[in-house]
Amino acid sequence: MSGETTAAANNAPLLVIEGLSRSYPGVRALDGVDLRLFPGEIHALLGENGAGKSTLIKVLTGVVRRDAGTILLDGEPIAPADVADAAACGIGTVYQEVNLLPNLSVADNLFIGRQPTRFGLVDRGAMRVQARRILSGYGLDIDVKATLGTFSVAVQQLIAIARAVDLSGRVLILDEPTASLDAEEVERLFSTLRTLRAQGMAILFVTHFLDQVYAICDRITVLRNGKRVGERLTSELPRLQLVQMMLGRELAGDALSRRRSGDAGEVLVRFEQYGRRRLIAPFDLSVRRGEVVGVAGLLGSGRTETAKLLFGVERADSGQAIVRGKPARIRSPRDAVRLGFGYCPEERKTEGIVAELSIRENIVLALQARRGWLRRLPRSEQDALANRFIKMLDIRTPDAERPIGMLSGGNQQKALLARWLATKPEFLILDEPTRGIDVGAHAEIIRLIEELCADGLALLVISSELEEIAAYSDRVVILRDRRHVAELGPSEVSVDRIMTTIAGAA
Amino acid sequence: AGQLVVGFAQVGSESGWRAAETKTAKIRATQNNIDLKISDAQQKQENEIKAARSFIAQGVDGIFIAPVVATGWDGVLREAKEANIPVFLLDRQIETSDPSLYTAAVTSDTILEGHMIGDYLAGLTHDKCRIVELQGTVGSSPAINRKKGFEEAIAAHPDMKIVRSQSGDFTRSGGKQVMESFIKAENNGHDICAVFAHNDDMGIGAIQAIKEAGLKPGKDILVVSIDGVPDMFKAMADGDANGTVELSPDMAGPAMKALIALKTDKTQPAKWIKTPSTLFTPATAQAEYDRRKSMY
Amino acid sequence: MNRRTLPLVVTIAVFLLGSIACSLQFPHFASTRVFANLLTDNAFLGIVAVGMTFVIISGGIDLSVGSVIAFTCVFLAIMIQRLHVPPFVAFALALLIAAGFGAVMGAIIHIFRLPAFIVTLAGMFFARGMCFVLSTDSIPISVPLYANLYKHAIQLPGRGTLSVIAMIMLAVVGIGMVVAHLSRFGTNVYALGGSRVSAELMGVKVGRTTIGIYMLSSTLAGLAGIVFSFYTGAGSSLAATGVELDTIAAVVIGGTLLSGGVGTVFGTFVGVLIQGLIQTYISFDGTLSSWWTKIAVGVLLFGFILMQRVLVATASRGTAHA
Amino acid sequence: MNAVSPPVRPETPTVPTKRRPRVAFAGWPQILALAVVLLADRLVSPGFFHVHMVDGRLFGSIIDVLNRGAPVALLSLGMTLVIATRGIDLSVGAVMAISGAVAATLVNSGTSLPLVLAASIGAGLLCGLWNGILVALLRIQPIVATLILMVAGRGIAQLITGGQVVTFDSRSLGAIGTGAVFGIPVPVLLVAGMAGLTLALTRLTALGLFIEAVGANERSSAYAGIGARGVQISVYVWSGLCAALAGLVVAADIHGADANNAGLWLELDAILAVVVGGTSLFGGRFRLVLSLIGAAIIQALNTGILLSGIRPEYNLIVKALVVLAVLLLQSPVTRNALPVLRSGFRKNS
């Protein structure tokens, strides 16, 4: 790897950004940032949530107007006015969150704006053939005529990557492309990236997984509060120092693992033969107070479905739920919330945040729903609550009245967590809670989980990051093909063990 | 022969007068042993044309059309003619390149109505009057013709002038709202001598507006209109209004008579079967009101 | 069954069921004449509905179409009848004006980020107002082209005839289907309706597409106006009031979602036929008073929509696991 | 759970402000537009602001604006909430006709006034409930769901009146349209009362938050435990109530129920008022007071046209141009370009 890096360093940079700035009211998202991108390198762009990474990418590709700064491609200044311009310059981008069109077919999504035509009309046959060819490179054997929305986020993410790679002639930009992928897909993506690097493509890669940075990136640029902190070769930057650069402080060594208390309390919730046809096979599951139960499985194995069933988003058609020893009917999220449940969904954009409402309103939403519409939380309490969580979770915002949609992805995730913490839930379901969250916040969330459990919370965590699951789960439930296939007890929880169980007989 | 089947493409029920026309048509149908199929066009010409075409498809013995506008009937009339179905136009003439396309038109003379009320008003005010006009729906043919007739009538009197004219859409609240503004714009109503409303409903609305302005309708501001609906007779009886020209709602009766004559002994009816337009004044209003109450 | 074709199949089924029910009730109903009439009588509606389909798929709405139809009629009447302009020149001018009008509305919607509903509502007021300014009188058009149009109709077996305007409508539907499903523009329209933000991030020229969509809709409204003037042989400033709502209803019955992104041109065509069927049913019945007519239209509309929902629900339940 | 203590961070770059930030008042474009329209009215009619008493009632053009604007203002209250949930209610005009028809026929049959009012308001509530059920439970798209009642409702109203304008003499019912208390017309007081009630109901309880949340993102709101369907049904019911009151005002004003024309096309004016007031048709944030200002702008415009003496052929064009101008004035794009109007938060670029 280092050999390739030095090779890259000898060349002139392909893309040079100088003094790029962009402000939003109350926020200097980018403040005179410089960046160099060499051909044939994978360049990590790192920083805390809200550091300005996504903004940089949007300014670079013409989605957002820049206030100042120059962009040179091959020494020529460029000023893309929109994404199509950027694409014409040979820049392909995967933006943070999947930004595809759920109502169009997979093939349309891959080729929109550049469909193959015959006699002036779109040649659908040829388009499908090409689409299948492109996707097979990513191990996706799916019906390209099918509507994109029917696929899981992960599949959509892969399609977005495939599209961007196919579009990019010289520069490929990936903003947290691996957030919803599991190990296998990540590895496949990386091999693609290596091939592209060998072909001389310049790749800018944003992620919060430091392992991935060290696995594939040649060079690192770190942003903090909209400013560039520095540019280093990966090989010359130890992990601790990197974290220090990102956070501006040190992180305790064991920050990413939980101290298990060991003494779980009484059973809080018990689901017996709970299931729904065509969604998930009936299963048994119980969670005790103070216990963390992890849920692991491959993409599409039914983890999210399990969570939705438990929370009443989907109605069970078999089995029963027992909460605090009494049978309970959970027919809607409303019922669940009244029982003291909470659920942080995986798809934060469509199922989590209410983008137009303020951070304060988003935080108090579930608590208010639980109290009912008549008993409005007084404004002073709302403010107090919001400010407490903004501080506690370090949500980066000038104030609590800003629409939550304007926060950076990771900060939105923290606000969602705050929404449920505010209800003081007894049983909390977290679906990919650390998706898109920076290392510092990651550590904090794990500490928070620790404290919550010590307080008697029952927690169910779904995550694709096996390390994370292994780090704090007391027990782990393994899913395969929409079926609960195994459960690992406290002594059995380890990354290897989870991995082998997931692979199972398959 | 069996019972005659007649299709009637009616405009809608946008006013009391229109509802009375439909009601009368039904009564006449039973009297004449006719199976009357009424299609209500909801004030849309395209719906009337559709209805007429579907009557042709059903093979009716005669078609009555109350045309919502004066133009645009040639196509469907030609189809009816090809199918040998006689067509009678009710309450409105049409403009056509080929008058042989329809059998006869049963209408009043809408220009004449405006003319009559204009002459009457001239008499009342000794040829000197600042008039405000409440127009019907812009672009509708009664609005156009009544305005035309009225203007013709007052053109003979140089001291009679329409000082303000706005559309009240043939409705009571429209008439009331427009009148309210006129009153304010004309020295709180003191500069208005008379209001001419294109139909009675607007006239009644205007009467309310005048009252609410603290003036006496029928005296401080004269009120004349056209149609002859019962509420207007009542207003005249109460001294609130000064005159209306009645437009007979019985259009279907003469048409049915002509159709039966045509079918039984092939008598060609007159091309224009004119229905009477009569001016009514407060003098006979109470009696007329009592007579009419039941009919509407 | 495919998720996308299901609503379409259901809509067609609903139309067929409705037709069968009518035919059983009325002896003269099941004839080529009645069904050819359905095409002729709703030709202008079909044409605007195609344009409206594009607008609604893109997540917008166009309330101005009825007024644009009326404007075109009045404009043509004045040009042809009063100013003796050759008809085809007048047609071209009318379409040009309509296209320009749509482009302006689209540009305002895009540049000023205003909701289409309101911009086109203002457009509706404006175009109707222009009718009145041109002429409050209704003007007959009596040139040979108009008078002889019926001679070009195609005789169908039975007593039905496929009129010229029905053929124009069918052609527009056909072209509309091709544009929607087989052109880049069509895909961009769907993209815009799926998510404006995503479309922008995927490099779709949002502004150009938006303007194109409203231009298309207005141009088709202009064409519908020409067809309407053929249909009535006149220009009247009160023509086609409320057509925008009929059109929207037809588009939605045809399975297009008002939230955008989903829908088909052919579905709209069937939606137009269903609307026409409801009206034909009512005039065949012939006993309904004005108010019962309104209630019946509402009830039938509700019935069709409900039937659609039930069919889609049962069908997708039956095939979901497949 | 109170035990969760904020972890101590050595560095917190953006400390959230303790003081509640002052949210800039966002209604300047609307107020400016209203002022401009009123000024134009004053130009075409010098006596526009002149007010005096006639028969114990305030009398003058400016009073007309308030009084004539009352039906649309009432409608816009309900419509604002409906639009905030991402819906639309096209049936309000028809519901007005129904409530007016019910009131007029009942009062003529000698029913006592409280019963008449209860019946006609009840009819409005029922209509709203029907719309709500179609939208929230049957999941029919709002525009079509309410189109059904828009068409059929007017038929129902005509069925009640038999197609006639049903005139009545009841002074007490008539007072709703033409009466006055301390000189102020009853319709204006009714608007003020309903506005107060609607504001209280939405802003003193959490209903407003729920409506905005459901409108902005129904899925997320439901996942947060809000009964989204209940919220949707209740806004349509409220809209039905507002429409019923507007129908009463219109019927009482002319002492008669005109089923065919009462409230005709007023749904469009109401929607216009709401949008001019700055509530987005895509749901979310709503502003009741600004909707009322929107209604006032529209009525000031209508009254101005009537006073100006222009020919009726030009009414629609003037209306179209003024509406467009007001919309452009409050577009975020213009607002960014003209710093005077800038308020609230800018959207990105």
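Order as written gives the chain letters A, B, C and D; numbering starts at 1 within each chain.
Following the convention adopted for this analysis, contacts are C-beta pairs under 8 Å (C-beta built on N, C-alpha and C of every residue); 3 or more make two chains touch, one makes a residue touch a chain.
Owing to the predicted nature of the structure, the values given are computational and were not obtained by experimental measurement.
Set side by side, the interfaces B-D and A-D show unequal numbers of C-beta pairs in contact, with more at A-D.
Centroid analysis (C-alpha atoms only) places B farthest from subunit A. For the pair subunit B and subunit D, the distance between C-alpha centroids works out to 35 Å.
In terms of their C-alpha centroids, the spacing between subunit A and subunit B amounts to 71 Å. The distance from the centre of subunit A to the centre of subunit D, each centre being the mean of the chain's C-alpha atoms, comes to 42 Å. Separating the centre of subunit C from that of subunit D, both taken as means of CA atoms, is a distance of 30 Å.
Among all residues of subunit D, those that touch two or more other chains are 158, 163, 312-313, 315.
Multi-chain contact residues, meaning those touching two or more other chains, occur in subunit B at positions 12-13, 19, 22, 138. Counting partner chains per residue, subunit C has residues 132, 136, 289-291, 293-294 touching two or more of them.
Touching pairs of chains, sorted by label, consist of A-C, A-D, B-C, B-D, C-D. Interface residues of subunit D facing subunit C in the complex, by the touch rule stated above, are 90, 138-141, 143-144, 147-159, 163, 259, 268, 271-272, 275-276, 280-282, 312-321, 323-324, 327-328, 331-334, 347.
Those residues of subunit C whose C-beta lies close enough to touch subunit A in the complex are 3-4, 178, 182-184, 186-188, 190-191, 193-195, 197-205, 261-262, 320-321. Those residues of subunit C that touch subunit D in the complex are listed here as 108, 111-115, 117-119, 121-126, 128-130, 132-133, 136, 245, 248-249, 252-253, 257-259, 289-299, 301-302, 305-306, 309.
Those residues of subunit B that touch subunit D in the complex are listed here as 12-16, 19, 22, 135, 138, 164-167, 169-174, 176-178, 180-182, 184-185, 201, 204-205, 208, 212-214, 231, 296.
Within the complex formed with subunit B, the subunit D residues making contact are 45, 47, 54-55, 57, 59-61, 64, 68, 158, 162-165, 167, 178, 250, 253-256, 258, 260-262, 264, 303, 306-307, 309, 311-313, 315.
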